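Encoded as structure tokens, here's the structure I'll be asking about.
As written, the chain order gives the labels A, B, C and D, with residue 1 at the start of each chain.
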Amino acid sequence: MTTQPILEVESLTLAAKSQEKLVHNISFSLERGESLGLVGESGSGKSLTLRAILGLLPRGVEQTGGTIRSKVSSSMVFQDPRGALDPLCPVVKQLTEVVYYRQKTTHKAARTIALELLERLGLPDSLRTKDRYPGQLSGGQCQRVVIAMALACKPGILLCDEPTTALDVTVQQQIMDTITSLQRELGFAMVFVTHNLAIAANLCSRLVVMKQGRMIEHGETHRLLRQPAEAYTQMLIDSVLPLPELEGGRTSWN
Amino acid sequence: MMNSKRTLTGAAGHNGSYKWLILALVRALIVILCVMTAVFFLIRIVPGDPAKMILGEYSTPEALKNMHHTLGLDLSLWEQFIRFVKMLFTQGDTGNSIIVGTSSRELIVERAPVTLLLIGIASILAIVTALLLATVAATHKDKLLDHLIRIIPAITLGMPVFWVGILFILLFSVRLGWFPVGGISEGGLGTLHSLVLPAVTIAFSQIPTLVRSLRAQMLEVLESEFVVTLRAAGIPSRVILFKHVLRNSALPTLMLLGVNISYLIGGTLVVEQVFGIKGIGSLLFTSISNRDFPVIQGIALYCALAVVIISLLIEIISGWLDPRTKENQ
Amino acid sequence: MNTTTHLDPSLPESGKTLSTLRQIGKTPSLLIGIIMFAILILLALFIPYLSPYQPSEQNLSAFLQPPSSAHWLGTDQLGRDLFTRLLYAARTDLTIMILAEIIPFCTGVMLGMISGYYGKWTDRIISLITDTFIAFPFYLIVIIVAFASGAGERGIYITFILVGWIVFARVVRGLSASFRKQEWIASAQTLGLPGIRIILRHLLPNVLPQAVVVLMTDMIGLLVAIVTLGYLGIGIAPPTPDWGTMISDGQPFITTAWWLSAVPGFAVVYTGIALSLLGDGLADIWRKK
Amino acid sequence: MELALQVQDLTVRYGGFTALDHIRLELEQHTTLGLVGESGSGKSTLARVIAGLIAPDEGQILLGSEELRKKRSKEQHKQIQMIFQNPDASLNPRHTVRQILAEALLFHRIVDRSQVGRRSTELLDRVQLEARSLDKYPHEFSGGQRQRIAIARALSVEPSLLIADEPTSALDVSVQRSVLELFHTLRTELHLTMLFISHDLGVIHAVSDTVAVMRQGKLVEVNTKDEFFIRPKHEYSRELLSAVPKMPR
């Protein structure tokens, strides 16, 4: 099945102003509704690659080579949910603003859409009557608001930068479930950045392994996990510390 | 979706919302009491006998005794303090002027409007200019404009405010003739016109620190993740800048303004002297050369009270703007 | 060069001095600041050997002269050489500026560390004192104290001991409170080190750089205050040369000989720029570490 | 087996918020107790109370048979050492490794002044760092190396209890693994008694003999490692265990 890819990254190279190369020659493509995992440790350049696709590189970083071709719009979910929201702006107002500018509606309609989105993401109904500041919500709730803001842009691709790393395990699981079910419903494609191979393996059909700005291995998830070609990939696999099987089965995850 | 519908975390419950406000009020009140005590001791920590300073080295013992009585210095320290506090609370006064004989409070109230007007105009000028410069600098980081604006504080920090005043007079009044050389013209617009140059002078001394802090704050906010989120969500840059960035970076600068208000008032007293404005500043210098201790005490007290009250107001405003203040308490 | 060596809290040994020098070279603002300040200090130190005039030497036949080769910056209303007076005034003003900062700097840093480290009641009491003192406009106190204790340097020293520490206490308190939450303080506490030792051996070297940066800015403010008092006639008493009295002496001639008031002002601004650059440069170096 | 540490009815309140609610916990000598819980569960507070950094409102702590009071003696301080989460902040940025180790060694008179250098080198060797690291400053090391230095410092005073508060959570996965291996070696070679705190159940599984679970200031379950990971007693423990992402097979 070869459909047209909606995102093509070709030999992408990113460098700091000081000419230091941060990302070398990364290439991959993404098809409609597909999930791709970018895995690696800190300094591997995975987050920068994501920012390049989003088109918002941090100050001082430039794209010095390669192309990014995308047919659809993309939006992003960040690692630190609290940092990703304006602390001085209540969340419904913040989301309404995004809907207003992005979907070009009236203010009133924007608010209705925003509240619907929040409800769909499982945020409490009380937000309808009383808006809250990000500091008054839990980390998990903030992340749901951030996801709602990303979805308000009706993205063709959702870029996720370690969206669950800052959260507790139980909350992490809820957020993962939410993302999976939303993807099934809305059909967006996803690029998922994480250092945890187990999370990537559960969500993505294909993986790209990155190390120090280079792409060292890529392929279909199951193949990659069974027969990693690189020692580094094997190390990442081993770094998911094993747990014995729970008696009576697990309550969730696939 | 399990328990994601659980209640919102009650970090800032309704019952605790006003606790920070009460705490701030109580603290201001205690500081005011301390300020009063400090004013009382102000002339007593300084070496020398105030009576002798007023009358001069060669006064008769008789005259000295009378002066001690007028100043209440013949009472015990404790009785003096009680008298002082009583007068403050009943009349808001620090005693009658030794020279003019009228109440210090009245003398101060008479001179206050022009000084307050001056401070008001200067503050607005300083804030508006600082906001403008800082926004330009921060949005043009490391470009020529930014470098130029960043040099300003380094140069102006060392400019004595009275000297700036003199140069302004030389340039704008003497050479260009735009403003009067000194003094205050009568009548609404005339008064304002004659206050422009002194206000610009005072604002000039405040702008560098404000620009420096505001620029640093704005850069920090501009780099923060939520700005990236908003940008990624397609919000226009001007909306991000004016609705989100400015608001977030204004808070710390507002606090700085609270600290600086004391310098602002002090600078105003000196600038009045340069421009020959008959405000609190000139009253201070007259009282000093007349050794009019009650009036000096009164000026010190009212200036300090103004600083405390303005700081309190700033604290309340920033608490009201920033939901986090309430949670921290 | 010894201006920086004695300001550097890490007390470089021979090996480190080299790298410190290299860092100064890499930080243009610091380098320019050092050079500007050094020129001023050297000129002020050697002015008795450089100038044929005495600072108070009057020459009524040559008063209010514009700058010339005999008088580089001209003469004042009494025919005194402006350039000579300017640098003798630098001696007076800079000496007071440096001496008056010593005690406030030490007490401010110490109180700030104690307040920030111990927190709770200690902090509340120290903060209350700070809030009370800061309520009085600095110039108001300086003017009152300077006046009451008689014109001259004494008023400046007294005022500065009274209120100069506040700036340092505020900055250092904030720093100490944030360091206190960091884990290296917690590990010093788990070792069982007494509070005073943690303050002196652990906190001090960490707050000192920032405090020195603040010191640079604060010295500018103090210099401006000294000059202001001189201008108001309650600072350094004539005939001791001082930039402030020079400005006020020149003011009557502002329309005819504007440089009389302008030049001493520029000397203050020059010193201000030098200290500003020094402070910015030091902050840059320490931020990189 | 002797008890190294007993915690009885320990309670800590901040205003109206109860951070620790009557915690009872025992730790046997030469074993490692893994303490798990999500953020806000009070596990770090418990560690800090035991280390003497926070004074409890109620309850007592026994080290061996000795009660630890609010004001601890120098010797009692020495007995409990702690390693913290954030490698960027766990060492004084203006002290060299030599100064850091020497301060601990000399303050508790572990060795003579003349022996400090030799002992410091030995300690670095224990945590697999080279001797020439001694004259470097913390910022010259990577996160994992800094965490090793923190371990060396904690071990230098020969404590009877070592508390590790999320020592690997801020590290990259590859580094995390090697630090965990170091803990394993130290445990077998030095017979350490350890309280190991983590939110990561995989890490807890790798280092512990016994597991304790905390939630909202309360101790939910204490169990042997083998029992806990297969047959947890409490529903919350089961919820935690099932939430851990696993490799697909």
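Everything that follows uses one rule, which is that a residue touches a chain if its C-beta (ideal position, glycine included) is under 8 Å from a C-beta of that chain, and two chains touch if they have at least 3 such contacts.
The chain list, named the UniProt way, goes like this: A, D = ABC transporter ATP-binding protein; C = ABC transporter permease.
Given the structure is predicted, the values throughout are model-derived calculations rather than measurements.
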Under the touch definition above, the chains in contact with both chain A and chain D are none
Computed over C-alpha atoms, the centroid farthest from that of chain A is that of chain C
Interface with most residue-pair contacts lies between B-C
Whole-angstrom distance, CA centroid of chain B to CA centroid of chain D, is 50
So, in whole Å, the Cα centroid of chain A is separated from that of chain B by 49
Where chain C (ABC transporter permease) touches two or more other chains simultaneously, the residues are none
Contact graph of the chains (line, ring, star, complete, other): ring
Checked against the stated definition, the touching pairs are A-B, A-D, B-C, C-D
Touching chain C (ABC transporter permease) in the complex, chain B uses residues 27, 30-31, 34-35, 38, 42-43, 46-48, 53, 153-155, 157-163, 166-167, 169-170, 174, 259, 262-267, 269-270, 273, 284-285, 288, 296, 299-300, 303-305, 307-308, 311
So, in the complex, the side of chain A touching chain B is made of residues 51, 54, 56, 58-59, 75-76, 78, 80, 83-89, 97-98, 101-102, 122-124, 126, 132-133, 135-138, 140-141, 144, 146, 149-150, 152-153, 174, 177-178
The answer for chain D against chain A in the complex is residues 38-39, 172-174, 176-177, 199-203, 205-206, 229-232, 238-248
Chain B contacts chain A in the complex at 1-2, 4-9, 11-12, 141, 223-226, 228-236, 239, 243-244, 247-248, 251, 321-324, 327
Chain C (ABC transporter permease) contacts chain B in the complex at 128-129, 131-141, 143-145, 147-149, 170, 217, 220-221, 223-224, 227-228, 231-232, 234, 244, 247, 251, 254-255, 258, 261-262, 265, 268-273, 275-277, 280
